[in-house]
């Protein structure tokens, strides 16, 4: 099981990333209300995503893949941020104002 | 008898079919045009049939073949036997058309009536000229389809019930007929009619299946020939207008069944094979039973048309009896009765229709003194009634005579007893009618009836007189050439050399 | 020449549909008529080639069987195409009146209708298992859309049930296709037939595919969706559904069974299919008699008539094959006529309850006549196409000593007579005294006339088929399944 | 039992567990979410089975698109007051044995099918050998566009029929204002400005790379639909009552392009459905991508057409 | 116990569960869920049964699955549109209403 230095770093990064995902999930299950859960999810999972992308980038060893992974990370961030924000607004202000049910 | 491929048979069949379709398409309004079309078609058909008769007389058999199903062609073959039935149908169709135009004056849906009326005759022509059992079956079913609308024409509840019973019997019979046909086809392959029986040539040993086939097909024919257990539809179909019961029960339906039996025995199985299988005797017994049973039931009827219906049930079985006994003389008797009974029975139905329309007379006890009011119709009715009983000058006597002589010649003496018994029964249920009409005083007021114009009355009385005249002519001029008897003898000579 | 004909058959209606979606409304009617009128000339070279005994093959995109999809036209395919073109043209005549192309209802109806026609032709031409799946799926989806095209609640519920069961059936079919591909390495029906050996796996694959196809063809235990779907659909749609779409599934089953090696599933499987057919004939005919609504009665009649096709499997003789294919054609034409006539009567009388039919004979003579003539063929009485089919089937059953089948066929046609005459006798009965609806405006009158003429033409064709049966039988005999001697 | 197989077993078990949850669930919305999760896991299993193309398609279409459509349909039902009744157990007795039978049957078939050794000249291997003739690198795109072009064309016809059917069933009901996401926050417009162009970029990338590597018209179309759904949900585009010419042209673009090129092959004397060159492949792929995207977006928005938001 | 067998067994189980769901579910949306899951199961089945070529799973099978997925989503989309309209017209989301006698 000879593991080069890069493989070693990559593997540790992956494991760390998964640990953060684990933490996020535990937070989701344990926290009492919506806001805490959102908090846990966005924070932990995004951090986990970063570590996993970094690990993969190291393992792949090619700049092309790293660039792609960076794009994936950015998109992941935006998606997580916006959806968390909208869920929070929804939780605070109730159903979306100004939206009428579709007339049959 | 040289067979010649000739378009004439199909033309004869198509004439009335096209006329029927044209009449139906004309719709209710153009009444005059419809009458013209009706009559020209009837006259044209009579001319064509006579033309074929001439051809057949000098030995030419026009044939029209048409591939229908692999291994079985639609074959129209006008041999002498088919001319006998075709000429009867053509003549009586013309007469009935005249009668119907007058009779149907106040009925509605006449376009539809006359449309199916012509298609009905098309089917009869097809049956007459069918060259093999499949063609016979095709037109036989077309006859059912064409006559059903006529039976339910009025659309009343009783008419529909009559239609339903009619269908139950005919379609049931046709299912058995088809199975028998398939079995015969599987056993003996394609079978065109051959005088003297096509099966005889094949020396088939499967007697059991041959018997079963005969029974199946005979049931199919028997339904329309009103053999006893299968006759129940006939009396109920009396609900139909008079021309329908006249055409159906004198010419088209009932005769088709009887004609089918003749074809089955004479042209498919052949006299010899039928006797050998013991089927001839069985059919004879069934026919005799029908003759007697029909007459007994006729006695009990109080309604005039129902009595005539039961009389038809018994009379038609004479034809079956003639062919079942076998032997030349009896065959002649059977075949000639086909024509004679047609002419006589149609006269009686015409008169019954006239009595009902003009005077509202439908029951037998209302017939008293009718002769004073409608002398001509009463006379025609009486002539036909006496003919049915079998008194000498009329045609009835000729056919009964030949039947009796044929039975004696073949040694089936018990048949003579049946004939005598039936004659007595005929007298028992017909003579009171005649005596009521002529001898009893007329009631002061007739039960009803409308006072139609002179034309309409003439249109109803004259056809009855014509057919009554024929009844006498066929009896008196039996010996001359061109009479039905002479024609029947010529046919018999072909079948039993 | 045949390549252009094949392309025209599938792509002309498809092009018509596409152009009609984008074209302005005024141009809709000419496009529809034009794209349909190209179909008959396309069939002429194909029929001539097949009659000359030649097997027309067209590897699409130039790639031969195991790799690409091959269009193959033998006698069976040409017969189905002839039936399809005949029924589609005449039913389209009715559709021109009931769904005028320039109106909103026509705009919705016609593109779907033309795609349905195109996909049916693609189905009859194809001999590739997965391509058959795609075409069958397209036919089903177009059919469902057409059932619900008028948006009536009952029709939509029937369409939904048909869609759900259709999708499930396709999945069973796909499972079987996967298995056959796994075993034989090819999707081409003929190659599968050659490479497939009898075995447990083959039997199961055939069973799965048969289940899917029987569900799509609504053979009795799996027929739940058909009566409502065909009964509630608009006139022309139910006509094509009963005449062609339901037959497409059975066509594939016959192809699989006789060409694709399905027959190796064994005698018992064939017998089971036959018994299902007999069950269909008896049960559905009885159910049809009990119906109180006209179009439901006709729909159940379809179920019954499909049963006859299933008798081919236990009999499996040249005679039985000829009889069943002829029956498919005869029933297709007669049933289309019957549904059109029923639709006309329904529109004219305002309600499809049978009692309202009383006395319809006098006022709606044409439609009653069309219904009656079609009924004659459904009952199998001469001189109709139905009779010739019944004769051939009885003769074949007798040849194979299948006494039970003979009884079933006879009883089936008697039951058919009961429900046909039940309707026709109502039309002859005296009308119930209730006000006749005001005669509609001239233009509507013209349309109503056209619909009745369309129904009558189809009915007349069913009768003529009975007389002119010889050429069609000769054509069918040209392409008997392999290993089935004359 | 290598790690890989262990992962597969875990994945397979979760698949079965999830589908059980979906079928026996009480609340419909919860089952919908689980179904989307099931779709994602299926995409994962495709990846594990070594079929990247299918994994992409499953993720984009199977899980994403179907999930979105179902959620929107659920929303329309809920808006209409459909009671979120738990599934009434009508015929559990009959269904259980049938389901068990179906499952076991399929398992037996599958396992026994494994036993059958692969036929040497199976069509699949032929595809690889003949691939060079098509000038395409990705065998799957080769099969879809060249070897079995008819399937793909008819598949586009299925899509068109779905759209036409939905339009027919849409009826005259005026498409009301859609359920839109709350627009007050700047974040949504920020999302729009970043994500919309990126999806366009990714879609074109997938389309072009499809000829030689995993990707292709379907995956690109699905990603584009994602962008369409985003525009619909944020209200940037509003449903229109009548479909304009452009909408109709785009709706039939995929099918029309393939059919036209397929038939024009006849003029060149070749068999129909022969693609004359690489330009034809790209033209058809783009047309199909646009058709899929527009059709799916219209089906999602349940309207005849979509137009820019009028102030 | 190669990985394809694992997925094959999972697919079979999901197929069975799908059939159960389709029959038992009353709500049309639930039936569609079950149908889609059955579809995915069948697609997995197609790929696993089709066997493997040196360069990975059989490309033809993958193409079939791709086509199948797109058809499944088209059919589902249309079914959803039909369901919503049916709901708007009749307020029903199930097929159980007795048809034919209304």
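By written order: A, B, C, D and E. Residues from 1 in each chain.
Keep in mind that, in the parts below, contacts are C-beta pairs under 8 Å (C-beta built on N, C-alpha and C of every residue); 3 or more make two chains touch, one makes a residue touch a chain.
The model shown is predicted, which means the values in this text are computed figures rather than measured ones.
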| item | value |
| --- | --- |
| Chain hops separating chain E from chain B, counting only touching neighbours | 2 |
| Shared interface partners, meaning chains that touch chain B and chain C | none |
| Middle chain, criterion being Cα centroid separation | C |
| Maximum inter-chain contact count - chain pair | D-E |
| Chain whose mean Cα position lies farthest from chain B | A |
| Farthest chain (mean CA position) relative to chain C | A |
| Whole-Å separation of chain centres (CA-atom averages), chain D against chain E | 13 |
| Mean-CA-position distance for chain E and chain C (Å) | 27 |
| Chain A-chain D separation of Cα centroids, rounded to whole Å | 25 |
| Mean-CA-position distance for chain D and chain C (Å) | 31 |
| Multi-chain contact sites of chain D, meaning residues that touch two or more partners | 76, 80, 106, 109, 113, 118, 122-124, 127, 147-148, 151, 155, 158, 161-162, 165, 169, 171, 173 |
| Shared interface positions of chain E, touching two or more other chains | 15, 19, 32, 45, 49-51, 60-61, 64, 67, 71-72, 74-75, 78, 82-83, 85, 88 |
| Per-residue overlap in chain B, given as positions that touch at least 2 other chains | none |
| Touching pairs among all chains present in the structure | A-D, B-C, C-D, C-E, D-E |
| Touching residues (chain side chain E, partner chain D) in the complex | 1-21, 23-27, 29-30, 32-34, 36-37, 40-41, 43-45, 47-53, 55-67, 69-78, 80-85, 87-88, 91, 93, 96 |
| Touching residues (chain side chain E, partner chain C) in the complex | 15, 19, 22, 28, 31-32, 35, 38-39, 42, 45-46, 49-51, 60-61, 64, 67-68, 71-72, 74-75, 78-79, 82-83, 85-86, 89-90, 92, 95, 97, 99-100, 102 |
| Contact footprint of chain D on chain A as seen in their complex | 71, 75, 78-79, 81-82, 85-86, 89-90, 93, 96-97, 99-104 |
| Touching residues (chain side chain D, partner chain E) in the complex | 1, 4-5, 8-9, 11-13, 15-16, 19-20, 22-23, 28, 31-32, 35, 38-39, 42, 45-46, 48-51, 53-54, 57-58, 61-62, 65-66, 69-70, 73-74, 76-77, 80, 82, 85, 87-92, 94-96, 98-104, 106-107, 109-111, 113-114, 118, 122-125, 127-128, 139-140, 142-144, 147-148, 151-152, 155, 158-159, 161-162, 165-166, 169-171, 173, 216, 218, 292, 295-296, 299, 302 |
| Partner chain D, residues of chain C touching it in the complex | 3-4, 6-7, 11, 14-15, 18, 21-22, 58-63, 66-69, 108-109, 111-112, 115, 118-119, 122, 126, 130-131, 134-135, 137-138, 141-142, 144-145, 148-149, 151, 156, 175, 179, 181-187, 195, 200-201, 204-205, 208 |
